[in-house]
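These are the structures, in structure tokens.
Two complexes come next, and they have one chain in common, chain A, joined by chain B in the first and chain C in the second.
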Partner chain A sequence: MAIRSFFLFILFFSSSISPVFSLYEDQVGLMDWHQQYIGKVKQAVFSSQRAGRKRVVVSTEENVIASLDLRHGEIFWRHLLGADDVIDGIDIGLGKYVITLSSGGSILRSWNLPDGQMVWESSLQGPKHSKSFLLVPTNLKFDKDNLLVVFSNGRLHAISCIDGEVLWKKDFEAESFEVQQVILPPGSDLIHVVGFAALSQFEMYQINAKNGELLKHESASFSSGFSGQVSLVSTETVVALDSTGSILLTISFQDGKISSQQTPISNLVEDSLGPAVIIPSSVSGIFAIKTDAVTIFIRVIGKGNLEVVEKTTHEIAVSDALSISEDQQAFALIQHASSEIHLTVKLAHDWDGNLLKESVKMDRQRGLVHKVFINNYIRTDRSYGFRVLIVMEDHSLLLLQQGEIVWSREDGLASIIDVTTSELPVERDGVSVAKVEHNLFEWLKGHMLKLKGTLMLASPEDMAAIQSMRLKSSEKSKMTRDHNGFRKLLIVLTRAGKLFALHTGDGRIVWSYLLRSLHKSEACQSPIGLNLYQWQVPHHHAMDENPSVLVVSRCGPSSDTSGVLSFVDTYTGKELSSLSLDHAVVQVIPLPYTDSTEQRLHLLIDADKHAHLYPKTSGALSIFKREFSNIYWYSVEDQNGIIKGHALKCKCTGEVADEFCFDTRDLWSVVFPSESEKTIATVTRKLNEVVHTQAKVVADQDVMYKYISRNLLFVATVAPKGSGEIGSVTPEESWLVAYLIDTVTGRILHRVTHHGSQGPVHAVFSENWVVYHYFNLRAHRYEMSVIEIYDQSRADNKDVWKLVLGKHNLTSPISLFSRPEVITKSQSYFFTHSLKAIAVTSTAKGITSKQLLLGTIGDQVLALDKRFLDPRRTVNPTQLEKEEGIIPLTESLPIIPQSYVTHALRVEGLRGIITVPAKLESTTLVFAHGVDLFFTQLAPSRTYDSLTEDFSYALLLITIVALVAAIFVTWRLSERKELQEKWR
Partner chain B sequence: MAAVTPLLLLLLLSSAPSFSSESRNAYNINGRVKIPQGLGLGTKGYALPGRMSNVKVLLNGGQNITFLRPDGYFSFHNIPAGTHLIEVSAIGYFFSPVRVDVSARNPGKVQAALTENRKGLSELVLEPLREEQYYEIREPFSIMSLLKSPMGLMVGFMLAVAFLMPKLVENMDPEEMRRAQEEMRSQGVPSLSSLLPGGAMN
Partner chain C sequence: MEKGKGIMGSGRRWAVDFSDNSTAPSSRDIPDPPGFTRASVNQDDSTVSRQKKDAESNWKAQKAWEVAQAPFKNLLMMGFMMWMAGNTVHLFSIGITFSALWQPISALQGVGKVFEPYKDNKVDLLGPKLLFIALNLGGLALGVWKLNTLGLLPTHASDWVSSLPPAQEVEYSGGGIPL
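And now, the complex of A and B:
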């Protein structure tokens, strides 16, 4: 379909200012897809409404509160709170309000359960930081109003459920008092607050729930101290562990008298187990302790007599208690057994009797069960049925009912760490193309419908048929490589340590794989995934190999813990191999070389500044040795404000001979004065970016040469005072400095200061320009600046005669060590919105003009032509400049609603935008991820090299038929005329 | 803009203080977002459900995020004194960011200004500057648009040539015409019928 001849012609047409990206409403979903997620569920509350659709309200680790349909798992409504607004607790009040406590217990909000509209918001202050509790008692009435009891920041509040008014509050100001539980005994107007003070003191306060009056305060001291959490076994008994983790303390405070009993764990279990921790649960009479290998369930009988009811070495998850009748509580227990999970529902007072026992087949790739939430319903025969909501290790959410998975949500995709792409398999003989266009008649009918649509002759049913036909076009979701390169696999790594492959056509999950190397193990305590790299991209001579990706992870949060590499096949989703490294991974440098099997060479820098080469093959080593002196890299030390350049020195001089380990040396360093500058952003060009031409023809037939170097680094620093939030600094004491640094020589090519400006800085580097976004405090608006850098040493090559006579310097080698003669041009503009992310479109050959993709604070992605950020813009461009496409200079950058690539959608919690070139030069693929995912195709200069989706083949056919008919008619006429001529 | 007149009216009517001090160095910012119901809604082909509940108010580029109450009021709690920026994110509307000065010296003093057009607000009531239309509107089919397209122009030109050229020929001098025809006949200019295979049979 590519019609190259139209190329220049259309390019010329597309240079008008009108928005290039624009969409008709009926085109939504043709090339784009949008998926909504919520993140790993922390807490779930089932709505007990009798009428209407069943809902479950959840809060997640992505700070989302959402109301889900219990039947299908769809989102009714959802709100994403701010990044610092971590949700501490949720509950449902009066059956129709969702109450959330967030921001360390300082913000209490109420939401309307049916539609998610916020009803009220209150801010709760307190004297000091503490644990926070949200309790919604059902029986505590106060003038027809239900009370909410909130303990936060060392203060107990009673709040009206209807309007959020604080009815009374009570401070717990004792310096060392640490609250552990807030208890509302049912059927009384009392609140019990229990906690520890001064490490070894147990304190109990009894408070009147009507007015906040302190009724009683008791304390008792325990010489052995406490450790960890306490578990509430009844409304008047708690269980705690002493500071050694080997003695259980059962403390009861019946009628305000504290009595206690100590039971060493070794009395309950014969073999010694080492220190234990209490797993908090709300099941009355039962609590659990966990040591390294064993989980033990203990029942409390009477006043402090303990009895072991079960000991298990399986991974186990317990739900909170669910009251099913006046005096009965049920809870769910999930145990793992190879490929199945066993769900049991028990009554709290009867451990041995099971209300329900089910086994459910579980996909291995979901890992362990992390959380269980139980809910009951009444079956038609009046008995109780139970359903459980489980949260898995990969952050997915599943609903189990009657031994089956009713629905599942892949909420791991809400927390993507890194993204890369992979090609699909090449079409082979086995896969038939003909199946798509199975019937010529059908095909023609479809196009006739389309034609009717364009001629506005279609009836509403026809329109619906057209729309569904376009949306399900099976072409776009095929599992083979296409000619235009639109179909690819997006490989994403999530925070849960799971890899997903998403099809770009419709966003479905092709495969998913929970990385085994990211499982907790002896050697690796808290593994975290870091990055994804393309490890093997077969083309040319290694066509039969499957492509694979490299997952780099490390064993702990600090950068000096040892690293782990895993290699995953992107066609099958199987782990090919994994390597536990004996060194740390501080930096990964993908080198632009591949070995004989198309494996990409990677250099890993460890904490001791040794460089390690991967893959560890002799072929790779010989390639590497050839390029040994051409490898440079840099490192940024944020704390000290130092940027250093490095190169390789020699083989490692350690005691163990390792061919693949190299010593490094420092080449240069740039030290920013710490009292006046603090680095806040560093950006380089994308490694795989293609630049079509170095020359840029400007208006008067003049040529400028872009300074194109892969080794340019953009650094932004701000005054240390101005590194905080907006509003914390005055314009006089804040400034922002932008640098362009050559990373091979450490030479600063350009430096510019923006006075009265501050971060955060979002920047993107492409070709010879960098665009950055920052805040201007003087104007109190956001600004975007562009710096373009041009090579002056080639400026004399314009003379044709020099080129003819060979007196040009085009063939002279370019070395970064020679001092480059560069000039820079820059310009600044106002921009309305805050940004969350910035990216630039990239195409296969780099011919197509570029667009900036701005992820705005409203979670939308705006496409802005690079021509709006051209330092050569002037207020009154000359005729020549206008012809070249220079837009008259305006104070601020335009926001054209039609150029939002996300149109009327939001990519909630937007974190990153990734652009990938398609094979078709005009088109680039855009993937935006946050809590939501969004994918679309963009053509920054319109699709000049292919026919659009709307192209009507039927119209073409009809035209041809009409032309042929016309030829025959004219032929007849011409024949008759000729005959008459001859008769004359 | 249609938004300006109701805005001014509202400013005169409402008099509740926008800022209230909570403790010594932390303040609350209270305000209201008003989305006029009639603002060109009739012309739009799409309506987004639950518009008010999906509006977010953001302070200082997302440092604090809050939501609207059913009546459109919002508040930020515990904000230090200084100059802040409030943005409103609502799908379908364009809001200007607002610069808000929270002054430590005289709490309760209102100072807010739209940053887009530098217009001062005496009360923190935020209204959209304009509606945002994310989709192109499909032009209804018309003969003119077909004629204006490159194809239409080409067809038009061809027709003009086909019908106007003979007219031009008619106006030629009859003698010259005859000479030209003679010439053509002698050279044997192929006619359309002779070009096509059927023509050879005659």
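And now, the complex of A and C:
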């Protein structure tokens, strides 16, 4: 009854308050934070404007172009191009336009440098796919118009810088011609296009830049072939490597005549080295080659004479050339030495003399320097000063000037792969990291201010003080666990292989760790991080242990390369241990069992379908043995359209006896007909989701039993024709089929076909329902469908006395091999937006009603009550149904502007939404990540279990004091009066 | 003490009957012997007080019945209030229902106290007490019935299963699309 009245209470609340969960303006930033990033910088161009603020324009691997403030590293403006609109090159034209070439050289855009408005866009087509080059010559004029030269898709274009009009174009149609360089010597009207043809042919085209006329075409044959890239050492000389990587070819094409010289690398360097690659650089006269361990800088003297200028085994990074005067070019070189980096700036023609030599202390967790960009400025004493922008291994961006790091940006956070959470340490003596103790006077002062605010007595200054006090509340950024569970650590794994721990209170980085196991090594050539799992969450038995996470990574992009496991302590950010596995990792299955030290058991499936148990301890093994026959696994082969179920069989029958390795056998398979169905989405319930009850009370006191199973898989398939873009097929040719499959037995519990519908499908599975989003071709609209599953076999449990006395078997363990009788209820609604991500709120006990969190195409997160997606909605709900909270049926789902969780902000490039329950039942923590990060707290049924943040304790205190005083005074008065009465 | 008094009281009543029987014939058939005055001071007093007591006990019994019937009016009023409150759960109806439940209960707790003033040796309070209890139980039943119509009584299966945790599954399966 308590629950029932509680439910009624909630109902009472939810019906009396309209379902709008908006914020007031002054509540922004109280519980949420937003961070803007750009991603790993690919290319940077410094704006050389004399006046105005110094800025640098960058393009990144997240397809962002951004203009950054050179003083502080803040973003002036930023544009995120689409996911398939990869930026090939950027430059600044006429000092006021940012020119970008993207989408494999097919889209050229111009942006206004000061404010980032797009000026023009032109589409460049061509006969075939090729490398693309963007050249912005400073002095190539054509009818008072500056020209841009773009080579893309096998075609050379000259484009007006003012309006993007293509002035002329020239095709390079030779089938095997592969362009390597497009050269525009300064001060001339000639364009040189050099490249390889048929593997061993060197081709050179000379073109008139004014009209695109082909002036000269020369070719020369090299029997040894070419490998890799070419490096330009002067406007008329390139250096290439032969196909074995051991002979350097110096090819010059002065006056249209090709002449060449071959120099074996062994002539230059005594000891023999492995095959080398050329590191492209634009420094004239110097190029670099790199073998496994050594980087060699070679100078070209005269016509093809090579000379080694430096040989180093340190990791090294070189910038492009920067012309500082008519005939002088400078470049920057960065070398690593233990905890420092050495920056040297040299002149191109004078290797031994240094313009600048500085050492900068560098955090080891940033890894190696990947890219260097150099810029100069004129000091007050008229000498040249240099600043360099460096991109580190962890994708962070730093500006170095005068031997110091001026600013740094943690842009690795723009490419998060996986997120998990960790609790903070319990507050104990000596544990508290942040000092938050403030005295009573300040506390009282704060509350008095608040009280003034409530009573509308506060002046504007007071209001500002109140607001800043609320925003800077040190309570939320403390480094200890709080009572409500709002403070946690978000552990994120980035594409660079770095782990960050972000504090949920204010989003600051608590620690970061560049995974050592993700460094390149002999055994592991190109390691990539895959996933994060909670390895150890101590709460009952092992309170003294720190929680830890498991990072699963792999040595290469293909699925049969061996895996690497790392275990990282979440309090300290130190790697506890790492394991190089001798088997591949195809799947990681966290099991619902923990050992005596609260380490979760994980089953790793390798490419040969062997299951490996971790942790490899005898305790874990005995727990696993006990549950051995109840553990199954399934694999979705989306290429073949097969879902297979497997069971564990016996110990591995290999040559090496391994107690922790198990053979598996196939149990069942679901084969989708490949001519009519193609798997596009699968989704399961979250492992850690808590469900409060199995019963759903519907109107007139009836009960429906939810079919709650952890082993349900939602699969969506579409017609193979319809797996392309929306609108590429007619409604008759396209359909979408949704399945609910039991992953233990392979039983298909439900199947529904949506004719005339198309993907992409975004789905979320929670409790006993699944919601999925797709496109309806007939209605030309997006649709969201809901399927709820109920267990009909339990529906007979209606005898009150049996239930009162507990004589029922509703909570006894069930086996999935007993045939369940399920019924489903479903309904579809139109929805306006297309989605990028979908998630559902999760709370500690699962009592609070749910909200769907929809990542819209506009990079915002919209909260939508699950009640809107109830399959039992009818046009005219009865009084009882209305009481239950059923909303009258509407064709489409409402979008209430106030229910945008991200309010006015945008999470650019939104990729995922993660919800974590707080300890307070009403509240859930939401973390959305993409290029930006956003975090907030949500209370889907309002905070019914706590006082609001702006509750005035001072008012309460004063009221109590006043009441007590009043009681005392009236008591004294009445006593005196009584005494007088008696004397009368 | 109380019991002893009761026994004494009934004994005296019997004795009164006997003396009546002895006095009546003597007053009618045989004249009193000279010097014998039948009306002794003592006896005179007792008759007066007896009459007085009789009247009082009559009055008390009447009052007790009245008190016993009082909850009936209450009951009617409660019924009217409940009808006014309607069948939806809100503050007013809950308040009325709980007062309807609380009044009979508190009244039943204080049955002894309510009839304390009318306690008399000559007054039979059992009847009124029973009526009082019955009426209050009726009121209680009305309150419970109201509670039920409001849907606040756990008489449905839904009230007992609404917090049942989901059943544990024996099997566990994991996996998905290869990493």
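One rule holds for everything that comes next: the second predicted complex is superposed on the first by the 922 of 984 C-alpha atoms of A that agree within 3 Å, B and C clash if a C-alpha of one lies under 4 Å from a C-alpha of the other, contacts with A are read in each partner's own complex, and residues count from 1 in each chain.
As a working rule, contacts are C-beta pairs under 8 Å (C-beta built on N, C-alpha and C of every residue); 3 or more make two chains touch, one makes a residue touch a chain.
Note that this is a predicted model, so its numbers are computed, not measured.
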Next on the checklist: Quick check for you: in the superposed arrangement, does A:Arg781 touch first (chain B), second (chain C), both or neither?
Outcome noted: first
Item to check | Touching partner for A:Thr743 - first (chain B), second (chain C), both, neither | outcome: second
Item to check | Partner chain(s) touched by A:Arg710 [first = chain B, second = chain C, both, neither] | outcome: second
Checklist entry - In the superposed arrangement, does A:Ile301 touch chain B (first), chain C (second), both or neither? => result neither
Next on the checklist: Output check: A:Thr832 vs chain B and chain C. Expected answer is one of first, second, both, neither. What do you get?
Outcome noted: first
Item to check | First, second, both or neither for A:Ile107, with chain B first and chain C second | outcome: first
Next on the checklist: Looking at A:Trp633, would you say it contacts chain B, chain C, both, or neither? Reply first, second, both or neither.
Outcome noted: second
Checklist entry - Which holds for A:Ile589: it touches chain B only (first), chain C only (second), both, or neither? => result second
Next on the checklist: On the A-aligned overlay, A:Ile605 touches which partner chain: chain B = first, chain C = second, or both, or neither?
Outcome noted: second
Item to check | For the chain A and chain B complex, residues of the former touching the latter | outcome: 22-26, 28, 77, 79-85, 106-107, 109, 112, 115-121, 123, 125, 454-456, 725-728, 760, 775, 777, 779-782, 832-834, 836, 857-860, 892, 895, 897-898, 900, 903-904, 906, 970-971, 974-975, 978-979
Next on the checklist: Help me check something: in the complex, which residues belonging to chain A touch chain C?
Outcome noted: 1, 3-5, 7-8, 12, 530-531, 552, 554, 559, 585-592, 603, 605, 627, 630-638, 645, 682, 684, 687, 691-695, 697, 701-703, 705-706, 708-711, 713, 743-744, 797-800, 803-804, 810-817
Checklist outcome for this item: So, in the complex, the side of chain C touching chain A is made of residues 89-90, 151-179
Checklist entry - Mind pulling up the chain B residues that touch chain A in the complex? => result 22-23, 28, 45-46, 48, 50, 52-53, 56, 58, 60-70, 75, 77-78, 80, 82-85, 87, 89-92, 94, 96-97, 99, 102, 115-116, 132-138, 140-141, 191-194, 196, 198-199, 202
